[in-house]
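Can you read through this structure? Questions will come right after.
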Amino acid sequence: MTQEIAILITGGTMDKVHDTQTEGLIFDPNGKTRIGAILKQGRSRSVRRQILFQIDSLEMNEAHREQILEAVKNAPEDQIIVTHGTGTMELTAQFLEGKVEHKTVILTGAMRPQSLGRSDAGFNVGGAMIAAQTLSPGVYGVMNGRVFKAQELHKNTETGRFDD
Amino acid sequence: MTQEIAILITGGTMDKVHDTQTEGLIFDPNGKTRIGAILKQGRSRSVRRQILFQIDSLEMNEAHREQILEAVKNAPEDQIIVTHGTGTMELTAQFLEGKVEHKTVILTGAMRPQSLGRSDAGFNVGGAMIAAQTLSPGVYGVMNGRVFKAQELHKNTETGRFDD
Amino acid sequence: MTQEIAILITGGTMDKVHDTQTEGLIFDPNGKTRIGAILKQGRSRSVRRQILFQIDSLEMNEAHREQILEAVKNAPEDQIIVTHGTGTMELTAQFLEGKVEHKTVILTGAMRPQSLGRSDAGFNVGGAMIAAQTLSPGVYGVMNGRVFKAQELHKNTETGRFDD
Amino acid sequence: MTQEIAILITGGTMDKVHDTQTEGLIFDPNGKTRIGAILKQGRSRSVRRQILFQIDSLEMNEAHREQILEAVKNAPEDQIIVTHGTGTMELTAQFLEGKVEHKTVILTGAMRPQSLGRSDAGFNVGGAMIAAQTLSPGVYGVMNGRVFKAQELHKNTETGRFDD
């Protein structure tokens, strides 16, 4: 159970930071990700991280999903975590489903940015790390302390939950 | 993958709080646990929680471990998380190993109390939640983003890590 | 130095919270303020708090400023703190200047919401509490660990600082 | 009101950090102070900082207090903040009282370490910064959002408050 894991980063709420200038939430202008901080706080071994892009998942289109698929296929690791906005996580899961053999792909994200404190990011990534190591090949989502198969992954936009 | 999970609480660093009077770290005098706050921050569904006792795992003896075993056996759930101090987590895992059939038992803990912020508690519990739902019956530890079988669970006391 | 202090709340960044639904920063829909949490964390005695309204200071108009002036005049306390957005804090300070006798009025705010953690709110309110007790009657701003008279209060919108 | 301020650091709860090895609270083994982080979070201009020593104030003796007095006298600044454990803050205040002319000396500290989050350190230092700039020469303590003259500074050890 100590195979190599890779984390592919695509943005989403998890990676947003507060901008005092505009008083809004933005992605780091220098393209930094918070995944390193999340793993460090979890006292996890560092794993390979690759930033594909950093966007709201509502802005994600077919080209972005092709890019994720390529990165999953090209990764030397068989255990892949994809950080993703929650808005269209299910669409990406369904897009990837059936296109990757022999790899366990876990999508995860957060409802509250890691940089704001009291975030669900660490809890979700901690779960995704374990899911990547324990689940058989396939595409899954890990949110709210639960595992969902690609076709069962669905966000209730009213409650912001995947387990409703 | 939506079977019921129970969390049995035995104390450990995860549940300690700062005491301004003595300026040390203690268990809550009213016996409260931080597990509720951890699950809430992780936006996890609440699960059944049972406080067995709250002690440093270095003070844990045979009687305490018998008590944990009884609670595991008596739990109506088949997926059990046991929060535990890291100091003797491996002894309890080995004690439980082979004594429980048909149940998946996950021991987890933290190196930094949840109440102090920037803690590994959420990351570990998030992982334990997933491990409890994905692993076949047996006794395991989840720490540092990794899963360890009972007989492979070992804390390196110099580094404070289980994956060294 | 133990006279009574009142805090008049008008909104501003200090009181904003993250909304997981819209993923933006909003005022609490139930009108709650974070001032209670700030004072509690500072282990300060509770003081009288009065919410006038909760708005971005960029939306503040003459009617709002009249309302602040009335509340300052009507307050039984001689030491008044006004929480305020940083965008037009100087306009409100100049508006109040000369209109209130015998009272020490301290405007303060934050560049990062208290609810996001690592905020300057506590530092600024801690300073405002002391300024309200130590300064002679007049209108002042407390930001960045500094005291500014009403006519010297000026935010550098590029740096987000009042001491540049 | 923009004279220079110096912060003399003597330790106390404010500067303690959690040690995962011993699971206790210690001073940083490399002698680092959290004052820089406190000022940065408060978006305060950096001021001159001088670490005299880092000890629990219960261990402070006459020699330590002489060292503080010398540092206050030798400081080129007229506005001095001394970070100090709360246990004997009043003894140091009384020791300094009357020995320093033409300088405003503010003692401050915290009941909860800055590194643990939700600390009163920022609130107190924010207040001390303002007190140093607004009070006439003399020795004062700033705690719980209040200013106390040296002879009125007294910690209620039962409540951990200075304003009881």
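Which chain is which? They are A, B, C and D, in the order written, and residues in each are numbered from 1.
In this text, a residue touches a chain if its C-beta (ideal position, glycine included) is under 8 Å from a C-beta of that chain, and two chains touch if they have at least 3 such contacts.
Fair warning: this is a prediction, and the values are worked out from it, not measured in the lab.
A.B. asks: So which chains are sitting against chain A and chain C at once?
C.D. replies: none
A.B. asks: Please identify the chain with the largest separation between its CA centroid and the CA centroid of chain B.
C.D. replies: C
A.B. asks: Measuring centre to centre with CA averages, how many angstrom lie between chain A and chain D?
C.D. replies: 44
A.B. asks: Centre to centre, by mean C-alpha position, how many angstrom separate chain C and chain D?
C.D. replies: 25
A.B. asks: Could you tell me which residues belong to chain B and also touch two or more other chains?
C.D. replies: Only 111, 117-118, 160 qualify.
A.B. asks: Using the contact definition from the top, classify how the chains connect: line, ring, star, complete or other.
C.D. replies: ring
A.B. asks: Using the touch rule from the top, collect the residues of chain A that touch chain C in their complex.
C.D. replies: The contact residues of chain A facing chain C are 13, 16, 18, 20-21, 23-25, 56, 111-113, 115-118, 160.
A.B. asks: If we count contacts the way the header does, which residues on chain A are in touch with chain B in the complex?
C.D. replies: Answer in residue numbers: 1-2, 38-39, 41-45, 111, 117-120, 122-131, 133-135, 142-148, 160-161, 163.
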